[in-house]
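A, B, C and D are the chain letters, set down in written order, and residue numbers restart from 1 in every chain.
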Amino acid sequence: MHAFVEPLMVLLVLVNLGLLSVRRMAWCIRLAGVQGALLGLAILALAPGAEPEPHVWYLAAAVLAIKALAFPMFLRRTMRTLHLRAWVEPYIGYGLSLLAGLAALLFSLWLGSRLAIPGLHLPPLLFPAAFTAFFGGLTMLVSRKKALTQVVGFLAMENGIFLFGAPTLAWGSTWMELAVLLDVLVAVFVMGIVVHRIDRTFDSIDVGLFCSLRD
Amino acid sequence: MELFLCALVLILAGGSLGLVLRGRTGRLAGPLGILAGSGLGLVAVLRLLARQEYPRLDLAWGLPVGSFSLGFDPLTLLFLLPCFGLGLACPLYGLGALAHEPERKVRSHWFFFSLLVAGLALVAVARDGFCFLLAWEVMSLSPFFLVSFADEKLEVREAAWTYLVASHLGVLALVAMFAWLAGAAGSTHFDALAWAAPQLAHTWPLFLLALAGFGAKAGLAPLHVWLPEAHPAAPSHVSAFMSGALITAGMYGVARILVLLGPGPAWWGGLLLGLGLLSALLGLAQGLAQGQMKRLLAYSSVENAGIVFLGLGAAHLAARGGLAPAALLAAAGALLHVLNHALFKGLLFLGAGAVLHGAGTVEISSLGGLLKRMPRTGALFLAGTAALAALPPFNGFFSELLIYLGLGQAGMGLRSAGSLAAWGGMAGLALAGGLALAALAKAFGLAFLGEPRTPAATRAHDPGRAELAAMLLLALGCAGMGLAAPWLVTVLAPAAAQVAHLPGMAALDAARDAQSLLRTVLVAALPLPVLGLFLWALRRRLLAGRPVGSSPTWDCGYARPAATMQYGPASFADPLASALGPASGIQHDLARPQGLFPRRAWHRVAAPDLVLDAVFRPAFGAALWAAEHLKWLQHGRIPLYVLSILAALVAVLAWVLA
Amino acid sequence: MSGLDALLTPLARLVLALALAPLLLGVVNRTEALVAGRRGKPLLQVYFDVAKLLRKGAVFSTTTTWAFGLGPTLGLAATAAALLLVPQGGLPGPVSFSGDFILLAYLLAAGRLATLLSALDTGSSFEGMGASREAAFAALAEPALFLALAALAAHRGGLSLHAMLAGSAPGDLAALEPAPALAALSLFVVLLAENCRIPVDDPTTHLELTMVHEVMVLDHGGPDLGLIEYAAALKLWLYCALVAGVLLPSLPGGLWPDTLAVLAVILGLGVAVGLVESAMARLRLNRVPQLLTWAAALSALALILKVWEAGS
Amino acid sequence: MLIESLVILPLAAGGAALLTRPHGPRRLLLLVAALAHLGLVLACWAGPVEPAWGGTLDLDAAGRLFLTIASVLFAAAAAYAQSYLKQEDPGLRSDFQEGLAFANAPERVFTACLLFFLAAMTLVAAARHLGLLWVGVEATTLASAPLIYFHRHRRSLEATWKYLIICSVGIALALLGNILLSYALFDPGSGIPPMDLDAVLARAAGAHPAWLKAAFACVLVGYGTKAGLAPMHSWLPDAHSESPSLVSALLSGALLNCALLGVLRLFAVCVAAGLGDFARELLVAFGLTSMGVAAAFILGQGDFKRLLAYSSVEHMGIITLGIGLGGGAAFGSMLHLAGHSLAKAMLFMLAGNILAAFHTKSAHDVHGAVRALPVTGPLWVAGFLAIVGCPPFSLFVSEYAIAAGALSSGRIGVAAAFLLLLGVVFVGMATPVLRMAQGPTPPGMAEARPEPALAVLPALALGCGVLVLGLWLPAPLAATMREAATIFGGAL
């Protein structure tokens, strides 16, 4: 499985950059799903030993089910029921977002260069891939107007963190990762509910409208 | 010690019972508790003073910092006197003055009054820095509630706010000072602090912090700004207590810190002297310009605080220059002035309260001719005025004389800068004396003499018995302290020696000299009252049997004189105010009559506080302005909020890993 | 000098002062008249005036209270009590102690307060005006007086008036040394201000708007005015005695030459006052503070000179 | 059993509340559950507590302290809720700020979420596993979001969304920090240890410093977001001002502490790894920044609930600063934590009463509270004095201890800034608070209308608590605080 790690990481980075540059909501959600799927695969690929242990399989399955299937479905349904317009509506243009993604990549590489542990052989691209996802998600949170895109950004961020934590599975207990996953699941659902509320109250999910609370 | 504790318990119990009980008992429990407690406390203090006993006591303490250590020493005993003395007079006055106020307000009023008295007493006896701070803050907070008694008025609320802010900012300086010193000592006990202070490389920051914190409470310029606001706003017996007793806490603090920090460099004395002089002169320059009696008296408190600090500074300078007798004289003068000031300022504030009650206002421009309508108040007020103007043979003269003598001896004994500082202090004190006379002539002369300027002043009347008794008590104190001055010097000598770090023997000798000197002074001052009485009798004798007519005042032939044409407060102050220039802070608002058919014309004169207007208001305004302009940070946009988190993260990571 | 003499001589000189004070005013008046080319009032005119006033009745304003009587009585009492402290001619006053100048200043202040209150008691704006000016000028004269005395104290090394004025060695001509000379000049200005002489005030004018002292006593008459006039004379004598003390060297001779010398200097000062009054015009009121500040500055200069001298 | 029941009890009660339709019994259930929880927590003080779930749940001194504060506050809030919920109109009504119609969320959901919130906080306080701690903190966010959105109008929705997004981002960062920590503890021999706190502490000495530093930075920013440290505090004033007052009380008094506990747990690891000085620098920097930012927003603040919210930012800054200074200041921080929670909860409850009586959150429009509300008004002033650290309230003791800590460690600049900012905050708070309390009542408002007992008694009780702690610190409590301070690298 280890052979797949490198291409997977490259793919993840590409998906990330894609997330930052797509213009259609549907694609945005789809790419988030793809990211989730790649994450599930990455967990399998990163598992130590020739054949992954059963608990890694379970976790990968759970990740695939939740991140690759449940979230995109849920988000798409939300999009449909809210009759959203198809565009992402950025604060910061796509080109700039992409640049920000590249900057995130560079910062991740720098971070990776500062953080090295003797004896710990992480896949060479793990660090940039995870942190690009993380910072890319944050960039989405910052640069997109729609509440739903912010949820996607949050998901991308979480995916990055999850990816970063994947190698620790080799030594750790799975139940903790499952609990984290569950928490994120609930979080996304709560956010989804609130997005519905926002739409009903404001007739829009443009968070740019959210500026009545300030000093 | 037991007696003292009983007094404290009585005071607090009275206040708390008053808070709980209803009806007449609820009204009376507070003031009676304070009166009884203060009486008991006074007895305890006088007994300890007479026996020269200085007991100490440590009580159980429930906090991990500090300890509940109490103790007496000469300084403590001295500063307990104004607290308990005015604790006898002010509630007595308040009993009468608040008789018709709503019950709920009165009960809480006496509760906070009891906290104030007890807090003040605890400040004086505390022997632990933390315990001191606790008592200090309780003492500082309660006047806020007392000042805001009539909180339905905007100016009262503003004054209370000013007081609260000033006192709290002062406390912060004190917290810093004690925490710093305690950090070096490893304990907050005064003994430990006194032990640790000499080991410190620098004690001057501590001294400056203490000066800021205590000076703000004492009314030392330029930190005096709360006084002229709070005193007019508070009920008069509260102003009297605050002015006579509360601000002595600040003086006590400085004296105590001089004891704790050990003999400091000479410039401390110079600084104290300079600030004292500044307070004395600024207080008078501004006080002279005031048209409101209580504000004028408040500025006079600033002046007197200045005199006390001037004395302390001179004592410090002289002691560092090896002039023990001069140091003792100045220190004893300063300490005696604390007691004197409590008496006459208490008396004058109560008198102002009686005017407020009798005539409905203390705006001098609305008063006049009160001596005929409030003869008792008038006579007592005049006594207070004479005492405050330091006229012999009243008490104020003797304390100022001691300070003058200390300054003079220091001026002759010290060299160069020290000598000039002492002489300068003397000249300044002389100027202050002249200005004080003018200000007081204005306060008494324009309010009590002449013709009433308004109908309200025509209907003025003396207050009730309780109020008069309270004033009489203080007036007798003023006269008695004057006569007892020679003996008081020896009583004060231990405390003075403590403040100036004088060896016991030198202090004792100097005190003995001072006593015999003051006896001579007393004798030399006696011709004034004796001759005065003789001449008074002579005058009556000469006029008896001769034609004595009465007619309106000679007005140089003016056709229709009116009472409002009398010299008013602004016109009286004008020559001095224009001589003093901007220091008096007088502002004219003049609209001249214009045109053939002039409309309204007016001339309003006000004298707002200079420091408040020039320093504190702009500073607070600038802070507010900056805060308003920082508020865009909370703009309401989520993306930017997340960005700020991201920025924080990147910044921290970059700092951590770089 | 025997013990009894030590007590009696100052007392005798005090009595002399009490008796001759009105004469001093007469000398001032006569000098002015002579300079102006008139014959002037008799030298003893003030005695006649006081005596006549004391025999008269009085009219009191309906506005006034008992405070009205404070000015004449306490004013005179304070001046007389202050005179007790003043050394005249090489001898201490009847009462002398370290710091007696402070008592002197505050006794005079007490008299001033009494006068101010009497003036304000009438409720007239003229008298209020006078009181206001008197209070202002006196306040500004105070530091000049204290600084001058401080300079003398620093010069002669003592804090009693006796030490300041007569503590020097015989033959020490104070007027030739800078510090005492400056102090004397300053004291002389204070004398003019405190006694309401030209250039501060014109005691002979009858234009109320320009007066200080005279306008304060407008409503007094009869014995009251008599007491006030006498007190004014005593006050002038007192200040002249102070200035004379600075100027006069201690004479080696006996009691009589000494007494005569001091009387001569005091009366000479009266002539000087008269000459100043003749030679100068009244200052504008708002210039008076400047004059007093100058006097204080002179004394301060004297003091700084002394301190610098002692330091080097 | 004790610890499990502490978590399970509110969970079960919350479930039951969801199912109970009638208002009376459900409100009673809330109170009973709260009191039972408090009783159980007090039982934990009796002696050592058995760890549960294989040692992942255990109460050390810090946990006990944090849990007790949360439980006490919850009990007070539950009592307050009795009168608060009774006053709430269930139907449509008009919003006093914008005039728009809105209704409340179902009370069942509200009550249940309250109880779930308590369970989550208990979990955070008792967690001995960093992962579980993270889960607990995230759970508090999720349980409290519906609480903020109780009044279903636009502004509370906006506040809820901001709360959710910003806190989620923060907590995600904390997760990143935890993962970084586990890498930091990598050892070629045994790999990466489980995130059990004891195991982590045991291996901290051999941690890789750069990774540990990065981990601490992430956790500090992450949990710090939730704890309301500036500049990550932006959600806090909105959420506090728009949520019902009793929720604000819990958010400010209990939730912020729980989030801070997350930071402090990792701080303890840093100390154990010998990186204490580095971590302290960060804590001091964030503490002072929070105080400064809060001071700027408190000055001239016109909304009294936002005022209280910013004051929470300030106090979280103070606590962080105290921990960062170490020594006696760390003890001061623990005491401050308790004092701040009690006082702030008290103030929020009183703010709720004032809001109910005056129908405005503007500090300019409220005046004469002392006259209009005879109990709330004076308590409001007392609460103000308590929160700004006037004696005899306990915050004075703690602020003194922190200032003393700064000075005795020679950090004069820090002490000066600390005291200066305290002064600014005092001025900033005194102005609106006293303006509200004093003066005549607004026209048309009756003087002195008595409040329901349950609307003021909880606040009164909390106020007495702050007062007592300022005069007398019970020995077991003092010992626990001392121990907690020691856990976080301080010593008295």
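FYI, a contact is a pair of C-beta atoms (placed from the backbone, for glycine too) under 8 Å apart; a residue touches a chain by one contact, two chains touch by 3 or more.
Remember, it's a predicted structure, so these values are computed and weren't measured experimentally.
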Inter-chain pair with the most contacting C-beta pairs: B-C
Gap in Å, rounded to a whole number, between the CA centres of chain B and chain A: 69
Whole-Å gap separating chain C and chain D, where each centre is the average of the chain's CA atoms: 77
Where chain B and chain D are represented by their mean Cα positions, the distance between them in whole Å: 43
Separation of chain A from chain D, taking each centre as the mean of its C-alpha atoms, in whole Å: 31
Shared interface positions of chain D, touching two or more other chains: 161-162, 165, 169, 210, 214, 237-238, 297
Shared interface positions of chain B, touching two or more other chains: 631, 634, 636, 638, 642, 653, 657
Numbers and ranges of chain C residues touching at least 2 other chains: none
Every chain pair in contact, whichever chains are involved: A-B, A-D, B-C, B-D
Residues of chain B that touch chain A when the two form their complex: 631, 634-640, 642-643, 646, 650, 653, 657
Residues on chain A engaged by chain B in the complex (per definition of touch): 91, 107, 111, 114-115, 135, 138, 141-144, 150, 207-208, 210-215
For the chain B and chain D complex, residues of the former touching the latter: 62-65, 130, 133-134, 137-138, 141, 148, 151-152, 154, 157, 160-161, 164-165, 168-169, 172-173, 175-176, 179-180, 182-184, 620, 623-624, 626-628, 630-631, 633-634, 636, 638, 641-642, 644-645, 647-649, 652-653, 656-657
Residues on chain D engaged by chain A in the complex (per definition of touch): 129, 131-132, 134-135, 138-139, 141-142, 145, 149, 152-155, 157-162, 164-165, 168-169, 172, 175-176, 179-180, 182-184, 186-188, 191-195, 208, 210-211, 214, 237-238, 241-242, 297, 301, 306
Residue numbers on chain D that touch chain B, as the complex places them: 161-162, 165-166, 169-170, 173, 210, 213-214, 216-218, 220-221, 225, 231-232, 234-235, 237-238, 278, 282, 293, 295-300, 328, 331, 370, 385, 388, 390-392, 396-397, 399-401, 403-404, 407-408, 415-416, 419-420, 422-424, 426-428, 430-431, 434-435, 438-440, 470-474, 478, 482, 492
